[in-house]
Amino acid sequence: MMMYKINVDRLPELYAKMAESRALYLPIEKNDQVEFHPWNADACVRLDKLNTAKSAKDLFFPQTENLMKFKMQGKNISIEENRDPVEPFVLFGVRACDVRSFDVLDKVFLADPVDTFYQSRRENGVVISMACHEPEETCFCHAFGIDAADPAGDISCWMVEGTLYWKPLTEKGQALTETVSALMEQAGDQDQAKVEESQKALHAVMEKLPLYDLDLTGFDGDHLLEKFNSEKWAKLSEACLGCGSCTFVCPTCQCYDIRDYDNGHGVQRYRCWDSCMYSDFTMMAHGTPRKTQLEKFRQRFMHKLVYFPSNNDGMYSCVGCGRCLTKCPISMNIVKVIKALGGENHA
Amino acid sequence: MSLNEETKKEYKPLIVAFCCNWCSYAGADLAGSSRLTYPTDVKIIRVPCSCRVNPLFVLRAFQRGADGVIIAGCHPGDCHYTSGNYFARRRMTLLFSMLDYLGIERERTRVEWISAAEGVKFSTTMNEFAKTIHELGENKKLRDLRCEE
Amino acid sequence: MQKIGVFICHCGTNIAATVDVEAVTEAIKNEPGVVYAANYQYMCSENGQALIKNAIAEYGLTGVVVCSCSPRMHEATFRKAAQEAGLNPYMVEIANIREHCSWIHKDKVEATEKAIILARAAIAKVHLNAPLISGQSDVTKRALVIGGGIAGIQTALDIAEAGFEVDIVEKSPTIGGKMAQLDKTFPTLDCAACILTPKMVDAKSNDKITLYTYSEVESVKGFVGNFEVSIRKKARYVNTDLCTGCGECTTKCPSRKAKSEFNMGLMNRGAIYIPFAQAIPNVATIDPQYCIHMKTGKCGLCEKVCSAHAIDFKQQDEIVEQKYGAIVMATGFNLINLDQFDEFGYSKYPDVVTSLEFERLMNAAGPTEGTLLRPSNHEHPHTLVFVQCVGSRDTSGCGKPYCSKICCMYTAKHAMLVRDKYPDTEVYVFYIDVRTPGKNFDEFYRRAVEQYGVHYIKGMVGKVTDKDGKLIVQGSDLLENKQLKIEADMVVLAAAVEPDPSARSVASMLTASIDTNDFMTEAHAKLRPVESPTAGIFLSGMAQGPKDIPETVSQASACAAKVIGLLAKDHLVNNPCVAQSNELRCNGCSNCEKVCPYGAISYIEKEVNDHGVREVRRIAQVNEAVCQGCGACTVTCPSGAMDLKGFSTNQIMAEVDAICR
Amino acid sequence: MDKFLQEQILRMSGVNTRKCMKCGKCSGTCPAYDEMEYHPHQFVAMVESGDIDALMQSNSIWTCLSCFACVERCPRSVEPANLIEAVRLAVIRQQNANHLKAQEIPENLEEKLPQQAIVSAFRKYSK
Amino acid sequence: MTELIKAKVSELLANQTADRVLGWKKGEFFYDETPAVFQAEELDDLVYDGFSAPNLSKYLIKESKKEGKVIALLKPCDTYSFNQLIMEHRINRDNVYVVGVPCRGNLDINKIREKGIKGIQSIKEQGDELIIETIYGTKTLPREEVILDRCLCCKGSQHMVADEVIESGEPAWEAKADRFEMVTKLENMTSDERFAFWRGELSKCIRCNACRNVCPACSCLQCVFDDPASKVQAKSNADDFEENMFHIIRAFHVAGRCTDCGECSRVCPQGIPLHLLNRKFIKDIDTFYGEYQAGADIEAKGPLTEFNKDDVEPSIVKERGGK
């Protein structure tokens, strides 16, 4: 498909055009924090920010979502479906790692039985990705075979010397492109070369990153018990506070809880993100099956690095975005786990 | 007066009053037996002592749509349990100050010391408070939208 | 899910006139959990209670809500009814739709709506009620009476009569109180000493009664049936076992600066003194503030003259610890301070006196040995003006808002006695109203007017000034519409009474409530007038409110009857609405212990099983016999481990939810 | 009885005449009692019963010295002197002609009159 | 400094004063240190520098229940939390040997990043400067510019409790700012401005519970917000109210117990200035009931578990004015 380009100064026009027909979500700074927020003319767009604080999964798998409602009238109860309406939307400026996270989530929510809440959001959303240019030491997407310079999605974008290059990859992307192509110019071979050059430069930077060569040796279905029974979990999990910051900033964590909210005249049933680090995760009448923080901690990483790949053709449930590395209150993270149990420490 | 009353009739505020069993609840009883009226907006919840009022209850009331919350107890020094109201006084002072700090209208919360003999004070306090809440209007800042009908 | 029955009372028309009880019944029938709803004219009547009992049996009710008057009125009635029908009494909740609804609202639609909401709140609470079982505690069969006036003496005598030990704590060196200072008593004009002193002697000689005079209550711990009191016996510097009360020391003591309390400061006494001749115990007391020996180390004359060798300058205060089952407040009264009433010139003119001072001036054992003399010049007064309501019925802030009740009668008594003894005097009484409700009281007052010719003037004195050794009393005569200026020799002020200043601190030690005037609050103004709302505390005499001697004595006996009723029991049923610590949630942080006013919380190390995790934890424990159920601990507990039975966090939140629905 | 006037007096004075317990202490204390046709306790009673006209026509309201002894001494905080002041004001307001004008001042000047009194009078009677 | 501490603890382990050490473990990138318990042979990984920010006191609740004695490395401000936990009987003092470590103020990696520094390969503290190697080149920063906010209002270099204190010889770090400055600024706003400020901040909350779980005062075995029986249990901020509720109640539960250690704001992944809630309570307590520093004196009763008969009335909130 054809590549387009547009000068960075004209981006607001592009945003405005896209926002005419649907909601447009971009990395926007609000209260000193950059997140995917709906765009408006006054928004402070931060395409330069490497990563949003929360991942982009919020748009497809929101932190809370209404499922149904039970209405009480006297002694009668009636059930009402009241899922939040989903309108078409555009998600602009997603990094390669976050784009990959949608694949991970798809494996979970689109497999049988299909999660129709997630599905309708996926169908209504167009993902416009954005290549990285200044990755940080916490980035390790390369370990999972992700190319930060060549992000997937419905449309890929590159920012090179004040020009945004725009390349539709899917039909959905092409359809959106047609609604805005009037604002853009078609890119030529020279432009193609510029993009390729920027990709090369990025690859050179990537190679210098300390976690570029993060070795995942040993994390596969074949070593499940060995990893599970490793004595190292005790030390690794020792300082874990049992908070959910890693889980909630993670683009691939997909656990949720279903809860009822009794508002006095009825009950709203909704689902919300849950964290396997929480003391009340999978709480049942008798208690929780994983009583200690060690077990909870181990579950999270075993799931991401062992169980998930062994059930999903080797696809890890981690995309190397590095958010948990910066957000963990005690700086314990998946990289430390991988290093402790994998690579040269494997076996 | 009359004009205002017309317009105000449409809005019926909800006021939750936590009254300690020994003084203020009895004060409310005395207001009742003395036929001292106050608006039906005020609904009383009996607690053994003002110190039984957990900040959670105050927030819960606002969450569920209360427009004002008043806590009434024995006069300082007259607590049936000697010191309960002193603790309540500190707790509520800090809570109210915090709500104010969060930008919640400070007139929505009140603590009043009303003895069992002060039926008149009970009724005037409730009338005054109801009037204040009327003037303030609906509590919009501290409610849970999920509780709307 | 509870099976709840809701019973809506009409209370005649008290509720039904403003609340549509049928509409409430219909609305409530549809509430989840309500299996039966009915209304009835008088739910508290025999038939009404039968309705509840039958419904409990017929519908297998597990919870009952009665929409009626205040729970302070009939909660106990309905709980008892439920209990008789086999339901745990604490499964009953009251929705107060009378005092808090029908009586204060006029609009029937609004009142009905509110009644429904109040009923729903009660239903929401009952849903979370749990059957509660009361514990038991033992009763210490000994009573403490605080105050040794006529009220305290009478109560103690009656309790002792029933065979129980009783201690009297009196802060002054003798029992007898204010009555001992009176000259004659209305309306029979008996001599106060003649009728009081035999009772004082009885109190001393009764072997069930222990007197702690010149003593004060230092601290009170515990609860009904089990009070632990420490009593400070102040040092008298006289060995009471040795002192014979001969009085030799009191006459020899060279220090004569101390004002005699007994004679209202109208004469001085020695630093070592016996308050009055009939004092009980009849022993001397040294006032260290005036004793030359205590201040300078010199003198010591009393020690020299005492043949019994009873003087002990090294004596120390002594603390007595004693356990009691019941405590009686009989702390009595004082006249108010008149400094705020410049217009009457009390602090300026010696011939303006209070009524209690006048008692002493008329008394044979008083400073003038019963001859009425002007304090300024010891001359015979010819014109006397009595002023009533000085500081009583005063809402201006200077005085007291209440009627002191005794002044009308004693003023009539004084006027009559003066005219009787000194027919050459003119006696004027300024009054606002003359209040004489009592047996033979009005007859007594009329005698003063008709037989003794006392001039009663409807009006009030505006000011008292002096002129050439006379007092000029300016007042109004409202009936004649004149302003009078009476040249008087003496003015007697019927000053308002107020509770003794010690009442407030003693009440707070007892955790007994007190009203804005410092009078003790009754458990119920009409139905439980001699009990404090705090269990085990009883009220006798002026501590509860103004009253004259006959009333005081009747109340003292009534109070004794209540105390005897308590002490006669071997066990007491405790209030089951007490705090409870959830050992799985308790952190052992001690915050609850810090706020508990009763010291009911202690900590133990205990092995707990937290969903399969066994460990030893420090956890809070509540002594259910000591806990009074205030709930201070529940709010200070950050983890919600502390809860209050009967007023649990979830119950109160359910009420909030129901009201805010 | 004049309900309107009564309400006006009560509103202007801020006095609640119902608090009066008819003790007569105000009249007992009044230094100008003998100069008066109606006495302080009667002021209160008359306002309470709405008999304002008689008060307004009486010289008593002008013989009151405004010494506030009655206010000070009243055990029920009734404030009779404030009532009198209100009645005076009512009289003044009704007598529109009674207003003082600047040009009238010179002819009213007396040598012994304190200047403050002129200023006060002007302030009071020019409204 | 690290060497000095290693030497000291080695000595203490050798002479059997204790059998293990609670300290900070070296991370991947020089700034991501993790609290850890070290045996004598593991001391190589022990580190102490500007990034040793985590307050270790809370770990002692669990650690002091174990057999043997643990050496706890506590910075001056951590000792307040330690004391508070001792007051609340949460730490078994007998099983802890407190070694006070000096503090020059902690460093804030986010502030370093805000200076445009990316791709960090190493960070060295050299006197008052930080030398930062990045894949994009070497950068130098004055230490003072990237100090963690909480350390700008340092409570002082004094350890409130310690069995032993290691002296660094370096000048003590001192407070640079008034800790109530921002609280006062908020108080001076109008009610609606304050509301907008807090809505803006609290709406960022993702309810990850990091603030609560790191907080040494939030040491409940089970938090009311996790307890289904509490009827206020909630796992998410499904409504604006929940955000307010959680943070108000949390602040209230630690009121009078919060030592102002600042961990809540340090760990918040969403950058919510949570300490401003706690400081408001502290400021109010100081103004209404007299200055009180939780954890300074273990004999103190705590401002919410005592009272004065002449305490201010709650109406002070209205009477004191303000907008």
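As written, the chain order gives the labels A, B, C, D and E, with residue 1 at the start of each chain.
In the analysis below, a residue touches a chain if its C-beta (ideal position, glycine included) is under 8 Å from a C-beta of that chain, and two chains touch if they have at least 3 such contacts.
Worth saying up front: this structure is predicted, and the values here are computed from it rather than measured.
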Smallest number of contact steps required from subunit A to reach subunit E: 1
Remaining touching clusters (ignoring subunit E, no chains moved): one piece
What is the chain whose Cα centre is as far as it gets from that of subunit E? D
Can you name the chain that lies farthest from subunit B, using the mean of each chain's Cα atoms as its centre? A
Report which of A-B and B-E is connected by more C-beta pairs in contact. B-E
Indicate, using Cα centroids, the chain positioned nearest the centre of all protein chains shown. B
Just how far, in Å, is the C-alpha centre of subunit E from the one of subunit C? 53
Mean-CA-position distance for subunit C and subunit B (Å): 30
Distance between the CA centroids of subunit C and subunit D (whole Å) is 45
Computed distance of Cα centres, subunit D from subunit A, in Å: 84
Please set out, as single numbers or ranges, the residues of subunit A touching at least two other chains. 261, 264-265
Two or more other chains are touched by the subunit C residues 595, 636, 649, 653, 657, 660-661
Quick one: which residues in subunit D touch 2 or more of the other chains? none
Touching chain combinations (by label order): A-B, A-C, A-E, B-C, B-E, C-D, C-E
Where on subunit A does subunit E make contact in their complex? 30-33, 35, 50, 53-54, 63-64, 134-138, 205, 208-211, 235, 238-239, 241-245, 247-249, 257, 259, 261, 270, 272-275, 278-280, 283, 325-333, 335-336, 339
Show me the residue ranges of subunit C that touch subunit D in the complex, using the header's touch definition. 343, 389, 391, 393-399, 430, 432, 458-463, 474-478, 481, 483
Given the complex with subunit A, which residues does subunit E contribute to the contact? 27-29, 31-37, 54, 59, 109, 118-121, 134-136, 200-201, 203-204, 206-210, 212-214, 222, 226, 228, 234-238, 263, 266-267, 269-271
Within the complex, which stretch of subunit E touches subunit B? 183, 186-187, 191-199, 232, 238-242, 244-245, 248-249, 251-252, 255, 277, 280-281, 284-285, 288-289, 303-305, 307-309, 311-318, 322
Subunit C contacts subunit B in the complex at 70-73, 96, 98-101, 103-107, 110-111, 113-114, 117-118, 121, 504, 508, 511, 513-516, 521, 533-534, 577, 595, 597-598, 628-632, 634-636, 644, 647, 649, 652-653, 655-657, 659-661
